[in-house]
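To keep things simple, chains are lettered A, B, C and D as they appear, and every chain counts its residues starting from 1.
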Amino acid sequence: MVANPRARGFLPETWQLVRSVWKAMAISGRNLFRKPVTVHYPEKPRAYPDRYRGLLVLTTDMETGEENCIGCRLCEFVCPPAVIKVEMLKSEKRNYAKTFTLELYACEFCELCVQVCPTDAIVMTKSFDLATTDRRELLLDKDRLHALGFQHEASWATGNRLRDMQAPPKKVVAEKPTEAPVEKAGEA
Amino acid sequence: MVTVADVRTRVSSFAGAQVGEGDSPIAITIAPTDWLPLAVALRRELGFGFFSFMSAVDWKEDGLEVVAWVDNTDARLSVLMKTRLGVGVTNCASLVSEYRGANWMERECFDMFGIRFEGHPDLRRILLSDDWVGHPLLKSYDVDTPYPPYR
Amino acid sequence: MAAEISPRIKTELDYAGAERLTMNMGPQHPSAHGVFRAILTLEGETVVEVDAVIGYLHRCHEKLAETLAYVQYPSIASKTDYVAAMTSEHAYVMAAERIAKIDVPRRADYLRVLVAELQRVASHCLWLGTWCMDMGGALGGGATIFLYCIRERELVLDLFEKLTGARLLYGFHQVGGVRYDVPAGFAADCRQTIDLIEARLLEYEAMLEDNTFFLMRTRGVGVISRELAQEVGISGPLLRASGVDFDLRRDLPYSVYPDFQFKVPVETDGDCLARYTVRMVEFRESISIVRQILDGLPEGPISSRPGVKAVAQVRVPKGETYTRVEGPRGEVGCYLIADGGPRPYRMKWRGASFSNLAVLPFIIPGHSVADVVAIMGSVDPVFGEVDR
Amino acid sequence: MSPLPPAAVGTIAGVAVLLGVIGLVTYVTLLERKFAARMQSRVGPYRVGPHGLLQPIADAIKLMMKEDIVPREADKTVFNLAPVIFLIPCLLIFATIPFAPGLGIADLNIGILFFLAVSSMEIVGLFMAGWSSNNKYALLSAMRAVNQIISYDLPFLMAALIPVILAGSLKLGDIAAAQEGLWFIAYPVLGQLGFLAYIVASVAAENRVPFDILEAESELVAGFRVEYSGMKFALIQLGEYAHVLGTSFLGALLFLGAWAGPGPEWLGPVWFILKALLIFLLITWIRWSFIRIRVDQILQISWKLLWPASVILVIATAITVVVRSSNGG
């Protein structure tokens, strides 16, 4: 395909020069009339796919208004850069998380914590502008995570859905209808 | 074409060389003294010209082990050369005279394990800064070092 | 550095004459492809000696691998070669599966090959773009081709974003299979994207192929001989451009590669132009493999082990293995020694760019500064893989 | 005679042209960025002002406000003087270009000679900048600059001579007038070849891609300008663009019949500026379509290809003019 003949001699070489000059400029010329692909970001936001992995938030159960997190610290152990720190608060019916800190500046967005969480408490959202002027703001604590949960739209991937998708052959769980009746994750 | 049998017969001539039974890599464990002669035999006589990688393993009390992987791309054969340096021994023969690719690999082994390779043109740290103390990949090098990760 | 310079070049350089100028190329240099410092000793414009300084991006992945479990490490493995994250994870996960003799369902293997080949297309797009940018200048024709290639690469990253949710580092592979299944409508988007890229390839070639300026800059520049190539252990497109017909996907097949037909391009002159030719053919071969996969994607589960539930979920019995994967830059290998616990005992990562870069001090002397940049671009090193 | 003494007319006209040129140069940078952006399927400056129209003004103000760093080891006087010496010839070349039959600062009868002589003076300022900033990259780029611009000014001279021979006068006004009926580019064979040689030589003389080894970012970071910042950098940038604009004005005048064009008489200067911008866009189009070639290859092209070709071209035009005039009478 590229075994172009070694153009030797004055005339074939200049002819090759002229032809290649014309072809290259024709391409960039033709591109002149194509629609530009860049989008003016702040005004027109980009369309995020369903499974987008953005900012991490803690979800609250819609009906009871209670937080989902039971402080089981599974996410703390599975997190490769160990950015999550949880303290469990034991109480009679179920446990709660006394404190839940997430160092967002070291998080790698690998979504292992979401996959491990038994109660879909921690979920990733479709928000992607995480820039702050001060590093300390990126040390998210529990109520900040809950507040963010209400602000941003959660992405499709929650713990149970991810585990079902990866479920081994034995119990082939019928794929739940994708539009679950009530979004368990906090809805904006 | 070189076959696995040729490799086995040639290697059996080295004293104290054990050859593993599998042949996807032909695992050859050899004494440190025959490290360079084995490489020479493999490359010149048996045509193992492709030098894939060289590294080391720290077996805690049993001392260090140097590992190298060479390939014969025409016969699609691979050899995993291993040699136990013995407890507390940290020097080994260098393969740079045979495989020029070993130059950087050996510098990395020195950087990470502290193995001094005799015959290496300029053995200095390649990945870490020159004033780094210690060799990180040794099991004795504890994980939380004085340099706290900046958080 | 006792670098043997071929006799022809040696005679030219040995004149006492002008004193030598040592110049620093990097680590903050527009064409350094990341953090790499070349201390060039110049006589006039020609380079006499190169001392490469690497290690600026060293995070000690091999020590990390001894502290992270089999479940956690794949998403860290993708950070070694961050331009082709899928192939790095594939190597690590396959090593653990081979020792523990875990079988992987066919659909998972097909998905792994699908993402690996899409990753090769995206990585070659980035290679062509940055190489032309190096040779052409940020305020010139190079930038035009760079932006065309980035425009195509973004399409492939959008596919990965639909599949996994992330654009660059995915954590897609897990021991025993993969974590994400193909969403609805993915196959249609995928076909549309690769058809568009194939059409755009013709445009790149029209701008470069028998373009006299391009040929002037690449023909006969940075020649790597067959023996030097094998001796230093360079692999992938570089090795095939120097005349060695060795492709891991075909010669030491892993995963489901035997199911697909694809051509392995081999050139003999080993210069920048040969490397360009090999990679352009690989572009098309990867696209044809993706098409073959989309036609024959089997149904069924995507993992033979339950989803990640706890850290110590995967335990690999005692044993060691070395798995090799054909990444866009060459052979990515993972030499794993397991001791039965949830964490590997020792993991040696063989980055393709580490050996590809090791050949530079042998081929650069005798070239001019402009050629050093062209050779660096054609070697296409990624420094996450070099420094690990 | 106008009421004002001739000196006053000269200065006012000079200041007017100077401001006009600086205004045009700033907006030409915007035109180039928009044109290049469209070619690379992106949008180009969009934020500052409606559709990015205020971008050049923002750039100018930014450069003025930027801190002006002089490297400690640099040779201070030469370092500070270099941008000025680089800028003067680039603006001086507009003196002899008549924008309309009478409208021009000084339509010397050796107009084109003055233009070419002054335009090759910029190399002095450039070399001073490269040498005095005590930086290896700048030094290398200054060395390259000297031999590239000198080796391309000769073919540039030859290419500019062709219309001169056809028109039979050095005066720019006469050359433009001589093209009344037939633009020199439309001249059967010699016109097209002459225009081609002119464009290639001018692209190389202003070290634009594919001959821009002067400030080859990937090798020499920013070439001789690497140590400059703030207002000095703006002066060098202004000088470079003014030089490109000057050459495209000259090209429009020599080959495209300066102000000839349909429409009433006073539309002449508008046609002239449009043609100049057309040539400028052609140079930009070339700039964004090719990759750069090596220094020794550039010199090879100049001495082995362009220089002999342009000399043969000039001889051929001379012969045709003599033959035409002898039998044409």
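As a working rule, a residue touches a chain if its C-beta (ideal position, glycine included) is under 8 Å from a C-beta of that chain, and two chains touch if they have at least 3 such contacts.
What you are looking at is a predicted structure, and each value in this text was computed from that prediction instead of being measured.
The set of chains in contact with chain C as well as chain D comprises A.
Top contact pair of chains, counted by C-beta pairs, is A-C. Among the other chains, D has the CA centre that is most remote from the centre of chain A.
Once the centre of each chain is set as its mean CA position, chain B and chain C turn out to be 24 Å apart.
Centroid to centroid, with C-alpha atoms defining each point, chain B and chain D lie 62 Å apart. In whole angstrom, the spacing between the mean C-alpha positions of chain A and chain D is 50.
Counting partners per residue, chain A has 21, 24, 27-28, 31, 37 as the residues that reach two or more other chains. Annotation for chain D: residues 39-42, 288-290 touch two or more other chains.
Listed for chain C are residues 141, 144, 148, 151, 207-208, 211, 213, each touching two or more other chains.
Note for the complex: chain A touches chain C at residues 1-2, 4, 13, 16-17, 19-21, 23-24, 26-28, 31, 37, 49-53, 74, 77-80, 108-112, 115-116, 124, 155, 157, 162-169, 172.
Residues 36, 39-42, 136-137, 140, 208-210, 212-213, 216-221, 287-297 of chain D are the ones that touch chain C when the two sit in their complex.
Those residues of chain C whose C-beta lies close enough to touch chain B in the complex are 1-2, 54-55, 58, 60, 62-63, 67, 227-228, 230-233, 235, 244-246, 251-252, 322, 324, 331, 333, 335, 337, 346, 348, 350, 354-355, 358, 362, 387-388.
Interface residues of chain D, counted against chain A in their complex, comprise 35, 37-43, 46, 285-286, 288-290, 305.
Touching chain C in their complex are the following residues of chain B: 25, 49-53, 55, 57-58, 67, 69, 71, 73, 76, 78, 80, 99-101, 103-105, 112, 121-122, 125-129, 136-137, 141, 143.
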